[in-house]
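By written order: A, B, C, D and E. Residues from 1 in each chain.
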Amino acid sequence: MAEVLLEISGLAKAYGALHVTAGVDLSVHSGEIHALIGPNGAGKTTLVAQIAGEVMPDAGAIRFAGSDITRLPVHRRARRGLARSFQITSVFPGFTVRENVALAVMAARGRTFRLLRPASADREANAQAELLLAEVGLAGRSRVAASGLSHGEKRALELAMGLAARPRLLLLDEPMAGTGPTESAAMVALLERLKRQYAILLVEHDMEAVFRLADRISVLVAGRIIACGTPDEVRADDRVKAAYLGEEA
Amino acid sequence: DPVKVGLVSTLSGPSAVLGQHMRDGFLLAVKELGGKLGGQETEVVVVDDELKPDIAVQKVKGLLERDKVDFVAGVVFSNVMGAVAKPVTASETFLISGNAGPSTIAGAGCNPFFFSASYQNDQNHEVLGQYAQSKGYKKVVLMAPNYQAGKDSLAGFKRYYKGEVADEIYTQLGQLDFSAELAKIAAAKPDAVFTFMPGGMGVNLVKQYRQAGLAETTPFLSAFTVDETTLPATGEAALGFYSGAAWAPNLDVPANKTFVAAFEKEYGYIPALYAAQGYDAAKLIDSALKATGGKTADKAALRAALKKADFSSVRGDFKFNTNQFPIQNFYLVKVGKRGDGKVETMVAEKIFSNYGDAYAEKCDMK
Amino acid sequence: MTALLALRGLTAGYGGAPVLFGVDLDVPAGAALALMGRNGMGKTTTVRAILGLVPPTGGSRTFDGVPLAGLKPHRIARLGIGLVPEGRQIFPTLTVEENLIATAALPRAGQRAWTLERVYGLFPRLAERRRHFGNRISGGEQQMLAIGRALMTNPRLLILDEATEGLAPLIRAEIWAVLSMLKGEGLSLIVIDKHVSALAQVCEQAAVMEKGRVVHAGPAAAFVADAGLASRYLGV
Amino acid sequence: MRRLLPFLLFGALAAVPLFADAFTLSLVARGMIFALAAVSLGFILGQGALVSFGHAAVMGIGAYAVGILMEEGGRDALVSFPVAMAAAGLFALATGAVSLKTRGVYFIMITLAFGQMAFFVAQSLSAYGGDDGLTLAARSTVAGQRWLKDPKIFHFTVLGLLVATVLTCHVLAASPFGRVLAAGKENERRLRALGVDPYPYRLLAFTIAGALAGLSGALYANLAEFVSPAYLSWHRSGELIVMVVAGGAGTVLGPVIGALGVVLVEEGLSRLTEHWRILFGPLLVLLVLSRGGLSALFGRRRDG
Amino acid sequence: MTLTLLLVQILNGLQLGILLFLVAAGLTLVFGVMDVINLAHGVQYMLGAYLMVTATALTGSFWLGLPLALAAALALGLVLERLVIRPLYGRDHLEQVLATFGIILFVNEAVKMTWGSAPLAIPMPEALSGSVRIMDGLNYPVYRLVLIGAGLLVAGLLYVLVTRTRTGMLLRAGATNAPMVSALGVDIAGLFARIFAFGAMLAAFAGAMAGPILSVEPGMGDGLLILAFVVIVIGGIGSIRGAFVAALMVGLIDTLGRSFLTDILKLVMSASAASAAGPALASMSVYLLMALVLFFRPRGLFPAPA
């Protein structure tokens, strides 16, 4: 298999008596889609937040692309190629859809600390933004204010912003949540296309999508990884069935 | 052409009451003179300086350039005076101070176009210093807000008081609660306290001084702290407290008797020092215009007429020093109850007679 | 059976931009309606217009025979409409338990009351987190809380706007079971969800929205069975 | 209308000397000087939601720089104005570095704290008049010439600097830099996730705004020929915020209109009656209640 | 500096803190809980004092005047809410600032026109005009003890109201998401109106209670408003407990700074330098405290969970 891009070892985080992350080891290889599933409140989002740098772990280490990033602030990690979408939609509501993505493009290229030329005149960023918007199915919506998007459209916009960074690892926290059946299908197709270009850590409760997309799946329960393997292995695991999947296996 | 006078006064904010007294005093005089000064139809343009120096400059420019006034009168506060004195005198317009008398203008910065109808800032404080000295107080605590006028006040007091200063307390401007300071005073056990707490601060201090029981043990000497602007609020809490001034409502001068009676009749409250000074300022202008026959164009003649101070002041004897600040008597005044039960400051003792200020010699006008 | 909720020619929009162009819907008492449609077609807007959260610009709404025009949202809700909103909208500065209690209302006569115990029985997870603040629980836990909060108002009509979003498969299955049970108790439902087949098991009626109009209405089972319909309206 | 507005506005200001007397000229100059400060405040406030409640302090520092230099013999604007901007900018940089750790109302209050500290320092500057303030010997010279004494030249100087400030802020707002500021206001968490730490952007913006306020202070010292601690007080900072918000915080021109409006309306009303605030207060309330307000009238600044 | 003096000054500091808390309490309630920046809180405090002046004059009694003044303040609060504040819910903070600033101008002027610009007084109630001797030569008025009691009472009351009652829950919920609260069947607008009026009444209560020891004058609320903001920001907006702790801290720092800073500085610098720097530093102390607190805890001592 390809090289290890992200490596988490012995990661731990507690809120008071609650051990949300209780010694997690996890690796994501470049080019793979690694799904992280588990019951509600298992600690998936908290784990993603620790990888992204919003939450500092109590113990353990996170290595990314060969260097230790455990203590790096969010924006420095993003600069190194970690992009994410949020479980609860997070965009710039007052910006137009295109401005949202264009800003992400400029940020990724380090072109934001410029004082003189208007941002809207950055042709390349605009063109790139339009391309990405078309990719996620928002082609006609680029001049609408992001606050005027429906819930599902905002999810798509989030993804476009994540892609704009041309990241090495994309952290997706429930990208399918809130999208309709059509859009879910479209999202799956998109992620399939993106596969191999980016490594993706995918948190998702839509099992159809997970089993279709993931190369490997890790199952997090109460802060611990209880299983990790190919979709078939995980699907067959009784503990996973009992804790999480139920009938859907 | 009617004579035009711009009256600059503080009419908004917590200190508005001082400006109100001064304005009412000035307008009363004009009214008594039949709306005329020096026999000329007179228009008084009242402006509010908001106690902001830059606003005052703006307003004064309006008076000078748009209203083209012949006199500017008034100004309660020294920092406002500091800002407006230059533009007014530079335009060769006479500025008649109704209250503020900063040392710079009394001394080296004196100006032929500046006349004070009030006093020099240090003088009222000196009254108390002299009184404390003559009373033989050995140990005094001084207290004033921490700003220029506060520091000047204590310096003025110390010019005559030579005993021990147990403590010099500088408080915050606009302070509400004086418990901490009162505890310090009680701990120091002085023979007397001298303070300068104008406006609402004074009201708070006086009430709290009384409530803390200090009034029974330690004489309260003050300047601009207990007067007719604050007495309505402090009431009997201030009874027996001392202040220093060149005037008090009961000062035994005929012109004063008529003034106070007329003022109370017109406005329904007892005039304070500021009202008396405003009244005198108008009378001063009136006397000068009478002398020039109502002419304002000849500045030299007008100045000479002003210098004569040929009017009957509510303070009795009144004449100008070389620096064009008054030479007058100063009294220790004490808060007491009038026949009708109202409290007011009352003359207790004359401290200085025909007293000029300490800066006049630095002024090179003759 | 008379309709509990009836919409006729309902129009509404955001700041002058119309989104609904005449929506007609009926929810009979005790019935469950599946409201379907692609993203951005106006499902949520319809829900908000029912409650008056976006002011309708035309058409009529009646609930249990009461015209809703002119009523403030809280009055409408008090008539017996419970909402599980899109995006959860949990109160972050209230604890889990406070979220449940704050807006709770007494049940109507003859109704089996929703209480804290009953909600905790349904979602044991919430009981474990009862002292956590609303923004200190996971997305799925928030979703459970949103459902519990709506139930605590003891509604007659429960509207669930993407209520299974972000829930684990096991819990999701549980929710569907609960909805069936509630329907059995006489509660009426409007359910917006992307899990079409599960919807069909709970709801007897289905309505499909497209560009601010109801473009198809009929029995839910038939809708699911007809692959052509589903692909035409939902693209699946 | 929107496109024409700046030309109408500045054209009208340029025409004022044609008919105005000296007093009106100085009144308008005062309005423009406040407009300059308001534009700089409006820039950080509208663009980055950085509501500084200590902006008067920076303005006052600019004024004091001119006053103190003059007292010490530095009369020329070519020296004192840059010094004023640098002093104000430095103060903004230092206090901003600390203040920008907080957001929202906490930011408002911490900037107030620094403003008050500067105020108390000015008040205790006994050598320069303390609370009584400091009278300038004369207006600053320009390259040795006493041009600023002429009210018309002074008027055009202020106008020119105001236009330059408006342009600067306009360019900055539209730049990627400005967009990051706006993004930080909208959703800071998202911005960080995109790899941008808003802190240095905010600090630079805060410093630039400070320097511009310093410039307006320098002009103000020249207009009044007087500096006073009152210039640094929180009341004045509050007035600046009122000007910005009254005119519309989301636009570059809003603060100009707000400042001129407030100055002129105040003057007009106070001529009517001593109790003009009883009219002015409700006017402000009505302005807010009838909004969008002026800014809605003139359209929002957003180039998409 | 004796131990007694130190203790007395600590008492004074606590008492100033309580007074500040009384003023800040309504402000935190309206700002922290309803998310409305109400600059008019200061003039509501002033109005309370002036209404009390009139009410005591009318009834001739402090105890009859107080409820009368409070009722009037409550009514005025309801009117103000209906006319000005209600349209401002959920609007930008700065628009609230502008509108309530307008109210300040209006009320200050109206008060001056009605009651005149001279300071006025509220007589101390006869029953409370006694005092206790706390150190040689210094009495402590009983009234101040009552003031402390009133402050503690208000603190307790508010704490229970906000954290323990359903009204408190709804207020907190409404602060973050009012439409959602009404979608769940609660008349949040009506609740806000009542709470705003209650806040106005609290402000008025502070003004009325302060009257017998402070001067009643136009603009008396303006400076206090700023201090009240300092208090609620140090405490963490929305936290009654925070406001209480912060008020005591501010009271103590301010009082102790005023009492001892100059003397302490004299130990390390010349007397004249100390008496120049001491008072200036003492004036700044409150602001220094705020800057320090915010530097280390950017959302105050007891930040709301958000």
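By our rule, contacts are C-beta pairs under 8 Å (C-beta built on N, C-alpha and C of every residue); 3 or more make two chains touch, one makes a residue touch a chain.
Molecules present, by chain and UniProt name: A, C = ABC transporter ATP-binding protein; D, E = Branched-chain amino acid ABC transporter permease.
Model, not experiment: these values are computed from the prediction.
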item: Set of chains whose contacts include both chain D and chain A; value: none
item: Comparison of B-D and B-E by number of C-beta pairs in contact, larger one; value: B-E
item: Computed distance of Cα centres, chain C from chain B, in Å; value: 75
item: Where chain A and chain E are represented by their mean Cα positions, the distance between them in whole Å; value: 48
item: Separation of mean Cα positions, chain E and chain D [Å, integer]; value: 31
item: Per-residue multi-chain contacts in chain C, two or more chains; value: 136
item: Overlap residues in chain B, where contacts from two or more other chains coincide; value: 11-12, 146
item: Where chain A touches two or more other chains, by residue; value: none
item: Every chain pair meeting the contact rule; value: A-C, A-D, B-D, B-E, C-E, D-E
item: Residues of chain D that touch chain E when the two form their complex; value: 45, 51, 98, 101-106, 109-110, 112-114, 116-117, 120-121, 123-124, 126, 234, 238, 241-242, 245-246, 249, 275, 277-278, 280-285, 287-289, 291
item: Contact set on chain C toward chain A in their complex; value: 14, 17, 37-41, 44, 86-88, 125, 129, 136-141, 143-144, 162, 165-173, 194-196, 234-236
item: Chain D-facing residues of chain A, complex; value: 52, 54, 73-76, 78-79, 83-84, 86, 90-96, 98-99, 103-104, 106-108, 111-120, 122, 143, 161, 165
item: For the chain B and chain D complex, residues of the former touching the latter; value: 11-12, 46-48, 51-54, 57-58, 61-62, 64-66, 78-79, 82-83, 85-87, 102, 146-149, 151, 173
item: Residues of chain C touching chain E in the complex; value: 51, 53, 72-75, 77-78, 82-83, 85, 89, 91-94, 98-99, 101-103, 105, 133, 135-136, 149-150, 153
